[in-house]
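Pasting the structures here.
One chain, chain A, appears in both complexes that follow, with chain B as partner in the first and chain C in the second.
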Partner chain A sequence: MDDITSAWKFCLSETYGPENNSMVVKGQLQKLHRSGHSRAFCLWIIRSQERVVVEKVVPLLKLMCTGNQTDNHVLHTLSEAHRYFVNGRNTVAELEKIKECVGCTRKFILRSMAMLIELVPSHLGDSVARILERLLSEYSQTLTGRERARRVCNQLVDLGFSEVLEDAIGSVAFDTMDSLVQQRTRNNYEGRALPGLVQWMQNFLQDWMALILPSATNDYDNTHSTDATTKQKDKDGLHLQHWRKRLFFRLHESVGNIRKGQLMILIQTFPKSLPALEDLKDCIMSTDQKPEVTSAMREQFTQTMLNAGTITSEILQRYVSVIKMLRFLDPSGVMLENVSGPVREYLRRRTDTVRCIVSGMTGDGELYEELQRGRRKRARDAEGDVHMSGGKSLESKIYDEEDEDCQSIDGYYNTSMRIDVEDYDNWEPEPIDAPRKGGKWKPGKDAIATLVTIYGTSEQIVNEYKGLLADKLINSFGLDLDREYKTLELLTDRFGKEAMHECLIMLNDIKDSKLVLETAQSQNPASPLQNFEAVVLSKEFWPKLQEESEFKATTQLETQMSLYTSSFQKHKHPRKLRWQHGVGTVAVHLEFEDGREVDVSVTPIQATILSHFAVKKKQTLQELQNHLGIKDDAVFRRKIQGLANLGVIRAADSNNSTYETVEHAGEIESASGGIDEENVPANDRDVGDEQPEDAQMAVYETYVMAMLQNLKQLPLEQIHNMLQRFVQTPAYDRTEAQLAAFLSQLIEEEKIELSAGMYKVKKR
Partner chain B sequence: MKLTINKVRLVAAWTWDAGDDACGICRNAFDGCCPDCNIPGDACPLVWGNCKHPFHLHCISKWIGAQSSEQQKCPMCRQDWKFEARK
Partner chain C sequence: MSSTAQVTKRLQSDLMGLMMDSIPGISAFPDGDNMLRWKGTISPSDSSVYAGMQFTLDMQFPAGYPLTAPTVKFETPIFHPNIDMSGNICLDILKDKWSPTYTVSTLLLSIQGLLDTPNNDSPLNNQAAQLWNNREQFLKLAKRRYKRLPLS
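Let's look at the complex of A and B:
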C-alpha cells in the first residue's frame, strides 16, 4: 500500500517533460500494475504527455513563427519542440506492453498532431521557408547544410507538418529558380540562358527536393508490411516526378515570360538575339505561352513601330526581322499570320511602302539577300530533282519554300544542347488557330512572300520596280548593268518571267544602246561622244515618259545627238531615233566670279539655258525662250525655276521677267529679301520666293507625309513638335516659320492641303 | 559664270517610223512586236508592201502563207502583195 501511495505521489509531484523518462515510468508502472491500477496510470501518462504538447511544444513552435530570431535560434527551438514531442511519444509507446493500452501511441500521435495544427499559427510555413531558403544556399557548399535541412524536414514531418513543409519547399524552389532566371536572362540576349538553367534545375534543385521532400502519405496510416513499403516507394517516386514536371514547367514559363517582355529588343538586335529566341522557342514548345507571345509581339510592335514618327523603311526593316523571328519560333506560320494583320493593314495605308519594299529588294539590304537565298534554295531543289518544274504558280512556289533559316539555326546550336524532356513535353497539337485558305494550311512564307501579301498580289510591287528601274536606267551615269541583270534574274525567279518581261527588254535596250555607242566611239578616238551616254528605248515596253516639245539644244548636245543618231540608223536601218527632251541628265560644272564651283545635274533643256547664261550673264526670259525655241511658257518657267532653286541663277527684277547668274553667293539673301512677297501673284509664287534651302527641307517631306497619312490631320504646331521629337537624321532644327513655308510649298505641289488650320493629305 | 559639260546621258526612242497606227493584222503597235514574239526590234521587224502598207514581217508572212499564190493581197487595200525594197 505504501508503494502504491508513493508511486501515485511520485507521479503527481513529478514535473512532466523529457526528464520524465521511460525508466522511471517503467519502475512506477510495475508497482501500479501489480496493484491493479495500470489502466488509470496509463491514462494519466497519456494526458500528461498531451499536456506537454500543449504547454511545451506549442509555445516553442509559436516562438519559431515570431520571425525575429536568428537561424540558429529557430533551429534550436524546433529541435527542442521536437525533443519534447518525441520523448512524449516514446513514453507513451512504453505503455503498448500493457494489454489494455495497445494502440495508444497511434491515438496519441493523431491527437497531438490535430492539436498542433490547430494551435500553431499558419505562418509557420513562412518561417520554415525562410530557414530552408538559407539552408538551400548553404546546401550547395557544405554537407552540414544538407544535414541540417534534412533534420529540419524530418522534425517537421514527425510533428505532423508534412503539408506545410511541402508547400514551403515548393515555394522556396520556385522563388530560388525565379530569381536565378531573372539574373541569367535580364540584359542577356546574345547568349542562351535556358540550357544552363535546366541543368541547374536537374542537377541541383531536383536533387535537393528529393532529399527533403516528405513522403507522399503519412507513415502512421500504414502498417509496415513489405508490400506496403514497396507501394510507398512507388508513391514517393510518382510524387517526386510530379514535382519535377512542375519545376520544368515553371522554369520554361518564367524564362518565356521574361523573353516575352524583351521582344522589341530582340527584334532590334536580330539576328544577334537568336540565342534568346532559341530560349523562347523551347519555352513555347514546353508551355502554353504561344498565344501570349503572339499577342505580346503584336502589341509591342504596334506600339513601338506603327506610328507617325517611324519612317516606312525602318518599319519594313523591323518587320522583316519579325518575319524571320516568327518563322523560326513557329514554322507553322500561325504566329506570323496573327502578328502580321495590323502591320500589313498599317503598311498598306502608307503610300511609300511599295517603294520602300522595292528599293529594299534591289538594294544591298536583307531583302536582297532573301531574294538570293530563295534562288540558292531552288537551285538545290533542282539538283536534287525533287520538285516538279514549270507549271507552278508563283504562290505555290513561295509557299512551298522551306524554312531555311530554321534549319541553319538548328544546325548552329547542335542538338546536344537541347533539353531532354519526357515525351509528353514534346507533344504538340496541330495548330488549331491556323487560318485555313482553300483547305490545307501552308506554312513557312519567307520575308518577301510575306511582304507581297501586304497587297494581296505581286502586281503593285512589280509595277513599282518597273518604274524605279526605268528611272534609274534613264538617269544614272555609269550604271552597273550586270548587277541590274542579276537583280532582275532574282526577281524573275520570284515573280515569274511574264511579269518581268518588260524589265528584261528595258535592260536589253540599255545594252544595245551601249553597243551602238561603243561602235560610234571606236571609229573616232577623239569623238565628241566620249562623255556621252544614250538610252534608246523600245518605248512600248517602258513606262510612259513625259513628252516635251523639241528645242534647240546647245551645240555640244546637238553634235552628240546627231552623231549618235547616224550611228544608230546605220546599224538599225530602217529604224529611226526620236530624242526625248523631257528626260535625260546633263552633269555640268559651273564656276562663278566669287570662286564658287558648283557641280549639278540638270535636264538637257536646263543645260542649254545655262550655256546661254555662260555667254551672257543677264537675260530676259523672252530672249532665252527664243534661243531655245520653246513655245510653252509654263514649261519654260518651270525649268528656270528649277535652276533658281539650285542657287545658280535668280530673278533680276521684281516681275521675274529677267534672270541673272548668281556670281556672288553672299548676294542671294539680300536679293530675295528685296522681293516684296505681298506683290507676288498667288499663282506665281513658285517663281519668285523660293530659296535653295528648300532643297534641304525636302528630306522632311517623307516624315510630314507619313504623319498626315497616319493621323489624318494635324495643326502646324503639332507637326513641328513631332518632327523635333522623331527626326534624328538629319536632326530637325527648323523654326515653325520655316516649316510653314515648306508646308505651303507642299500645298502648291498639291501634295497636301490646309483647311481650318489643319494640314491634311490632298486627295486626288 | 563658266560652264563645262562633264557628262551627258540623253534618252531617245526608236521607231519603225510607220505612223501611230497598229499593225493591221495583229492590232499590236508597230513599235511593239507581233503576238508570236516577245522581243521587239530586229527580232520582229516591219516590212512594207509596194502599196506602202506596213506590217510585222511575221504577221504578213503568216497571212500570205495562208493564201494561194494568185490571191496574195495586202489585207488593208486588197492590192497584190509585193515586198517593197527599202533602203
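Let's look at the complex of A and C:
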C-alpha cells in the first residue's frame, strides 16, 4: 500500500511540471498498474495534462495574439506553447500501453484542441499572418528562413490550428501578390507584367506554399499503412492544386483590376500600350472580368471624351483606338458593341462628325491607313497567301485578326442573306454576352465599318466625301490628282462602285479639263491663254456648288474665256459651256510701292477687285461695284472687307465708302487705330480670316441671349442645334468648338454664365 | 408646301423680326425642337406696378397660324385684373380681334401693355380689378398672394 500511496504522491507532484520524466512515470505506472488502479490513474493523468493545456498553453497563445511582441518573441512563445503541448501528448501516449487506456491519446488530442480553439482569440490568425509574412521575405534569402517557416507551421498544425494557418497563408500569399502586382503594373504601360508575375508565382509562391501548407485533413487515428500514406499524398497534391488555381485566378484578377483603371491611358498611348493590353486580354480570358472591363471602358470613355469641350476629331481618333483595342481584347466584337453604344449615339448628335470621318479617311491619318489595310488584306486573300510579307510583327498579327470582315459595310445583306452550305462545319454559336437587338449578331468589324454604323448606312459619308472632293478639286492649288484617284479607289473598294461613281466622274472631269485646256492653247498659239486655267464640270454629277453672285470679269479674262469657249464647243460638240465666274480660287501676286511682295489666295471676285485697284489705287465702293456689276451691297462689302483683312487695301474715309491700297506696310497700325477701332490690325494676317467670323458671331449673340433668357438654361450642344435650326440669314455654319469659344467670350463679358455644363443668363 | 412648313416658315420670320428689332423688355424663343411651342419673357417697364419682376409665358401656335391666334398663358403666377390664377389671359387680340398681321413681337408688346393698362370692365380676377386703383394695397395683396414671385 505504501508503494501505491507514494506512487500517487509522485504522480501528483511530477506530472504537473513541464519536465516530465517519463522513465520515472513509467515505473510508477507499473506499480499502480499492478495494484489494479491503472484506469483511474490514467484518467487522472489525462485530466492533469488537460489542465496543463488550459493553464500553460492557452495563456502563451493568448500572449502571442496581443500584438505588442517582437517577431522573435512570438516565435519563442509559440515554441514554448508547443513544447508544453507535445510533452503532455507524449505523457499521455505512454498510457497507450495499458490495456484499459487504448485510444486515450486521440481522445486527449481532440479534447485539448477543442479547448484551444475555444479559448484562444480568433485573431491568432493575424499574428500568424504577420510572422509568416516576415518569414516569407526571409525565405527568399536564407535557408534558415525556410526551416523556421516550416517549423512554425508544423507547430501550429500540432496545436490543431491548421485551418487558422491555412487562412493566414492564403492572406499572406494574396497580399504579397497584390503588392507585387501593384509595383509591376503601375506606371508600366508599355511592357508586359503578367508573364513575369506568373513565373514568380510558379517558381516562388507556389513553392513556398507547398512547403508550409498543412495537409488536407489531419487524421490522428491514421494507422500508418503505406496505403493510407499514398492516399494522404494524393489528397495533399489535390489540395495544393486547388491552391494553385486560386492563386492563378487571384493574380489575373489583380492585374485585371489595375489595368482596368488605366484604360484611358492605354487608349491614349495606343498602340504603344499593346503589351499592357495583352495582360488585360489574358486576364479577361482567365477570369470573369469581361463585363467589368467593358463597363469601365464605357464609363471612362464617356466621362473623359464625350463632353462639350472635346473636339470631334479628337473623339474620333480616340474612338478608333478604342475600336482597335477592343477588337484585340475581344475578337468576338461583343465588348466593342457594348462600349460603342453611347459613343455612337453621341457622335451622331454632333454635326461635324461626318466631316471628321471623311477628312480622316482621305487625309494621312489612321483611318486612311485603315482603308489601305483593308485593301491589302483583300489582295492577300486573292493570292491565297495569308502571310504578311516581311517581318510579322505583333501589330500586324493583330490587324490580321481585325480585318476579317471589311467588305460588309452596310452589312446585313452580305452576311445574313447568303447561306453558305459549305461552311456549316465552321458554324459557331453567337457569343453568350452579345447584345440582343433582334438582329443577327455580326462580329468582326474594323474601325471604318464601325464608324459607318454611326449613321446606319454609308450614304451620308459618301455624300460628305463628294462635297469635300468637289471643294478640294476646285479650290486648291497643286492638287495631287494621283493621290485622289488612289483614295477614291480605296473608297470604292469599301462603299461599292455605284456609290462612288459620281466621284470618279468628278475626278475625270478635272483630268479631261487639262486636255481641253491644252487643245485650246495649242490652237491659239499666239493668244493669251497661257496664264489661264479652267475646269469643266459635268453638271449632273457634281454636288451643288456654292452660288456666287455673277460679276463682270476683267476684259483680259473675258477674251480668254471666249477663246476657251469656242475651242471647247468645237471639240466637244454638242456640249455647251456655262461659266461659273465666282467659283474657284485665284493666286494673286501683289507688289507694293515699299517693295513688299505679297502672295494671297482669293476668290475670283476679289481677284477682279484687286485688278481694278492695280489700275487706280484709290476708288470708291460705288465705282468698284459698277466695274464688277454686283448689285448686292452686302455681298460686295464682305468681299472688300476680306481684302482689307488681308492687309492689302484699307478704308480711306471714316464711313468706309472709299478704299485705297496699302502701299506702305508701316502705315497700317496708325491708320487702322485712328479710323476704325473695329478694324483688324492688318499686319496680323494669320488671324485675318477669323475676325469677320467674330463679327458674324455677334449676330448670333441676340439669338443666344433670347434662347437663354426664355429657356432658362441650355447645354452647348442644344444651343448649337438651335442656332442651326433658327438662324437663317446669315445661315449659321459654325462648329460647336467655335460656338464654345464664342460663348466663353460672352462669359468674360459677364453676359452669361456656365455652371454644370449649362449656360444661363448672368443675373445682375 | 404643307401647312406645317408654312407655319414654321412664318414663325421663323417672326423669330428673325424679334431678334433684329430687339425690343427691350420682351423676348421669346422656340422651346427646343418643337417650333410650334415658344417660351416668352416679359419684363415690365420701370414705372409699372410690376416693375422689377419677370414673367414667363408659354405660347402655343396652332397649325393655322397666323390665321388663327396662338394660345398664350402666363407661367409665372401674376395678380392682375385680366389674368386668372392659372395664367389665362383675357385680351381681345388673342380672341376675336386677332389679325394675321400680328407677329410674336406685336403680341408680346400688347401683353406688356396690358400689364399696365388692364381692362377693368371685363376682369378675370375681380379682386385685382377692384384693388387696381389702390396701388399700395394692390401691391401688398399681390405680394402676399405670390410670395415666390420672381423678383430679380
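Quick notes on this structure:
Here is the rule we go by: the second predicted complex is superposed on the first by the 519 of 764 C-alpha atoms of A that agree within 3 Å, B and C clash if a C-alpha of one lies under 4 Å from a C-alpha of the other, contacts with A are read in each partner's own complex, and residues count from 1 in each chain.
We take it that contacts are C-beta pairs under 8 Å (C-beta built on N, C-alpha and C of every residue); 3 or more make two chains touch, one makes a residue touch a chain.
Because the structure is predicted, anything quoted here is derived from the model rather than measured.
When the two complexes are overlaid, the chain among chain B and chain C that reaches more residues of chain A is B.
Contacts of A:243 after superposition on the shared chain: neither chain B nor chain C is touched. Using the contact criterion defined above for the overlaid structures, shared-chain residue A:718 touches chain C, although it does not reach chain B. Of the two partner chains, chain C is the only one that A:763 touches; chain B does not reach it. Contacts of A:702 after superposition on the shared chain: chain C is touched, whereas chain B is not. Of the two partner chains placed by the overlay, neither chain B nor chain C lies in contact with A:659. Looking at the shared chain after the overlay, A:208 reaches neither chain B nor chain C.
Once chain A of one complex is fitted onto chain A of the other, the partner contacts of A:591 are limited to chain B, with no touch recorded for chain C.
Shared-chain residue A:742: touches no atom of chain B or chain C. For the contact definition in use here, the chain B contact set and the chain C contact set of chain A share no residue.
Those residues of chain C that touch chain A in the complex are listed here as 12, 15-16, 18-20, 22, 27-32, 35, 38-41, 56, 152. Chain contact summary for the complex, chain A toward chain C: residues 702-703, 705-707, 709-711, 718, 722, 725-726, 728-729, 763-764. Of all the residues in chain A, the ones that touch chain B in their complex are 474-477, 501, 505, 508, 512, 531-542, 545, 554, 556-557, 560-561, 564-565, 568, 572-580, 583-593, 599, 604, 607, 610-611, 613-614, 617, 648, 661, 663.
Residue ranges on chain B touching chain A, taken from their complex, read 1-17, 29, 31-32, 38-42, 46, 86-87.
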